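Questions regarding the structure given below will be posed in turn.
Labels for the chains are A, B, C and D, by order of writing; each one numbers its residues from 1.
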Amino acid sequence: MINKVVGDLAAAMAGIQSDASIMISGFSNAGVPTTLVRALGAMNLTGLTLIMNAARRIDECDASLFNDRRVDHVITTAFRGPEAAPANFEQQWKRGELSLEILPQGTFAERIRAGGAGIPAFFSPTAVGTSLVEGREQRDFNGQTYVLEEALTADFALLRAQKADRHGNLFFRGTQANFGSAMATAARTTIVEVAEISETGLRPEEIHLPGIYVQRVLQAPRQDQIA
Amino acid sequence: MINKVVGDLAAAMAGIQSDASIMISGFSNAGVPTTLVRALGAMNLTGLTLIMNAARRIDECDASLFNDRRVDHVITTAFRGPEAAPANFEQQWKRGELSLEILPQGTFAERIRAGGAGIPAFFSPTAVGTSLVEGREQRDFNGQTYVLEEALTADFALLRAQKADRHGNLFFRGTQANFGSAMATAARTTIVEVAEISETGLRPEEIHLPGIYVQRVLQAPRQDQIA
Amino acid sequence: MSTPPLSTPPLGTPLTRNQMAWRAAQDLADGAYVNLGLGMPVLAANYAPAEREIFYHSENGILGVGPVALPGQGDPELVDAGSQLVTLRDGASVFDSVASFAMIRGGHLDITILGAFQVAANGDLANWDALSAEKGPLIGGAMDLSMGAKAVHIIMRHTTREGEARLVTACSYPLTVRGRVNRVYTDLAVLDIEQGQLVVREIIPGLRHDELAAVTDAPLTFAADCRELIAPDLDGGI
Amino acid sequence: MSTPPLSTPPLGTPLTRNQMAWRAAQDLADGAYVNLGLGMPVLAANYAPAEREIFYHSENGILGVGPVALPGQGDPELVDAGSQLVTLRDGASVFDSVASFAMIRGGHLDITILGAFQVAANGDLANWDALSAEKGPLIGGAMDLSMGAKAVHIIMRHTTREGEARLVTACSYPLTVRGRVNRVYTDLAVLDIEQGQLVVREIIPGLRHDELAAVTDAPLTFAADCRELIAPDLDGGI
């Protein structure tokens, strides 16, 4: 019998090791897996690659990830702290202590989607003509220039959703899905925290993400993102 | 005020002319826009390009499209009649009276999706090593070979859904969505026949395809596909 | 909302932020699908003519953003791209970021209104990298939106606080997109970009053509039917 | 369903269609996500051990296909890839073809079971083009499934009606995919493809190794623990 629901945080986070690549869902305050991110911060790992829309949101969730130098590489669309003074993670980048790949948000999303969909690379119009694509492969189709973008995958994805069932099917509330639904398809192991476990099972019309993409589900109350 | 609901078939089909490219939704008996296909057959056009999963289903729906030589080009995954004896459309192809592009179903779906998503081309693993990709551009990523596939778009898409509202939002029943939801994004004008028009409007959680992709909605009862 | 009476400010008074947003909003057509960037652009939603039905897109996954939620009534899991707790309008749909940017990149949005550091006469836009020595980079959705939307409208002050032109022959800040800006609303004028030229469509009363040219770093063409740029008083007479 | 008693057919009796499907079904693990092709493969769903929870995928957009609907109770808008009116099992989801093939191509399905004209010892599969002079081509989902699924299992008779081998050194029919077949269930044997070799895991009782080799057009290796291929009587003693 399939049962993807795990009983505690330790079981949820099992197997995440130093040097892992980890996708983290969330846009602003929606869909941020606060409990899982804080558990990750408490694991005392090093050499992590974090793949998330905005570094600030994860830093607000658990400052130890950057403060304790757990992160070596970041792939993101926004690497800027909320204050005029640079955040710790911005300073680390300026000092060369971590490397950064900064992407347009749509390219970020589509590269993750490609990673889950078996598409190794695609051409995109976004960022053509900007400094982001200097020196990269570009090609014209129908008179317009496009840049080649490669798929993104990761060892783990951490998501938050509203509801799950034992099959791992997910229901997202509001704008919770954002990058999480694609990240789940692009990671080898997808771990989801949810407000509710449906004992009767989600109905087909409620399911936003089929359980095939989810390996572990943990019930965890919503926490404010800023600790 | 937005109102995409049209009152009759003439308004639904307005502007479709000879030499148009037309995507038609449907997999087996689900999501076939029977009323719109029969209206197309009655329009006495020539030089059409039809883009649909299986030629047989459209031929069963309205045999005049092929019988009356309205179709010059077909892009499909299945160009085979149901009987041992060749269907009229198979004979036309064998005689060279129409040209044919035959695709794997996933490549067909993804090329249409690309057409709607602003992706001009992508690399796919499917069909590599087969006669379908002979002479075409291939490239290795991470030790595996992929073939370059280009986006598909069309002048019109004809869909069937269960419900729509005046904004063009669509709810699909069962497996009605199949290729239709992607076709709607890849066509300049998307025309949808539906069983019901929701006067109160679809709720966000009911909407499978946002109305931005739909230009015209016509209420039409479900008809058996085989005339 | 209903349109307030037109104001009669002193000649040569630049438009306020709200007035620039109001002016931009007047060009949103009935039935348009529109994405509004952070800052002044998002204010435009307050000023679109009430009889027009407009669908606001938020790139984190909403088509049909409604008003900001009343205090205490918002859902923290339903936010717009500016992190506001929002509501959904009649006919709204919600989807993930992949679907949202497919909608953007695929050319389905009618207009995006964005802020900018600089716009060049050839339609180039610079609005993502302020070349700060201290702060990290932030791209967000601006590159996708400005490349994908059918029309790109910009709201920005005509000059920087230091008085430098923002409308230029060539952007000095890193580009967001090349050649995609169609129209610019400033506190002094409304300009279209046509065949690599800045065409002034409207100018505030009391500002001479040469005065506008003096604060613009690219040649200006004044439309034959160039009109006065007049906005209602939206700031309580300030 | 409950497993019928094992049959004791005369020595050397080839498996029936149902028996081949039954044998393939025994290798579907608890919790597996499985796509079954048309013909014999789809019969396997009838014979998976009842205590295992298996999610059947249908490439037109279902994960969790249930039994075929009872006569008169099906929904013509809810069909599987074989055009049957089906039901949905507990935990099933429904989606469009783009999502369905992203699932396939992205390597998320554990197994696909397909039919074949020919399988080569190097794992090549030919199952889409019968080289008919009269009929048009039909690819469907076979190329995507055989390239994308983590494991590709084939059910086919060991020889054609004319007695020609289907297990060959190199396929003569046009290929569906190169080098992706892992296991083949025939009416005479179960074979794995390992490092370009056909390894016989099971053979029907009474058939000698040289007799199997005589109807196979590629070298055979017999596993050290090669067992008897015995299936229950599923066809009423026929």
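Note that in this section a residue touches a chain if its C-beta (ideal position, glycine included) is under 8 Å from a C-beta of that chain, and two chains touch if they have at least 3 such contacts.
Fair warning: this is a prediction, and the values are worked out from it, not measured in the lab.
Participant: Name, by label, each chain that touches both members of the pair chain C and chain D.
Facilitator: Intersection of chain C and chain D contact lists gives A, B.
Participant: Quick check for the class: compute each chain's Cα centroid; which one is farthest from the centroid of chain D?
Facilitator: So the farthest one, by centre of C-alpha atoms, is C.
Participant: Can you check which chain pair, B-C or B-D, has more C-beta pairs in contact?
Facilitator: B-D
Participant: State, to the nearest whole Å, the distance from the C-alpha centre of chain A to the C-alpha centre of chain D.
Facilitator: Distance between chain centres, rounded to whole Å: 37 Å.
Participant: Using mean CA coordinates as chain centres, what's the chain A-chain C distance in Å?
Facilitator: About 30 Å separates the centre of chain A from that of chain C.
Participant: Show the residues in chain C shared as contacts by 2 or more other chains, in ascending order.
Facilitator: Residues 94-95, 102, 104-105, 148 of chain C each touch two or more of the other chains.
Participant: Using the touch definition from the top, which residues of chain B touch two or more other chains?
Facilitator: Touching at least two other chains: 110, 113, 117-119, 124-125.
Participant: Pairwise, which chains touch?
Facilitator: So, checking each combination of chains, I get A-B, A-C, A-D, B-C, B-D as the touching pairs.
Participant: State the interface residues of chain A toward chain D in the complex, per the touch definition above.
Facilitator: Of all residues in chain A, those touching chain D are 1-2, 113, 115-119, 165-167, 169, 185, 201-202, 204, 207, 210-213.
Participant: Flag every residue of chain C that touches chain B in the complex, lowest number first.
Facilitator: Per the touch definition, chain C meets chain B at residues 30-31, 33, 53, 55, 63, 88, 90-95, 102-109, 148.
Participant: Report the residues of chain A in contact with chain C in the complex, numbered from low to high.
Facilitator: The touching residues are 27-31, 53, 55, 77-81, 85-87, 89-90, 93-94, 100, 102-107, 109-110, 112-113, 124-132, 162, 172-182, 208, 222.
Participant: Sort out for me which residues of chain A touch chain B in the complex.
Facilitator: Result: residues 110, 114, 117-125, 139, 141-142, 144, 146, 150, 205-206 of chain A touch chain B.
Participant: Under the definition above, what is the set of chain C residues touching chain A in their complex?
Facilitator: 58-62, 75-81, 83, 94-98, 100-102, 104-105, 124, 129, 134-144, 147-148, 174-179
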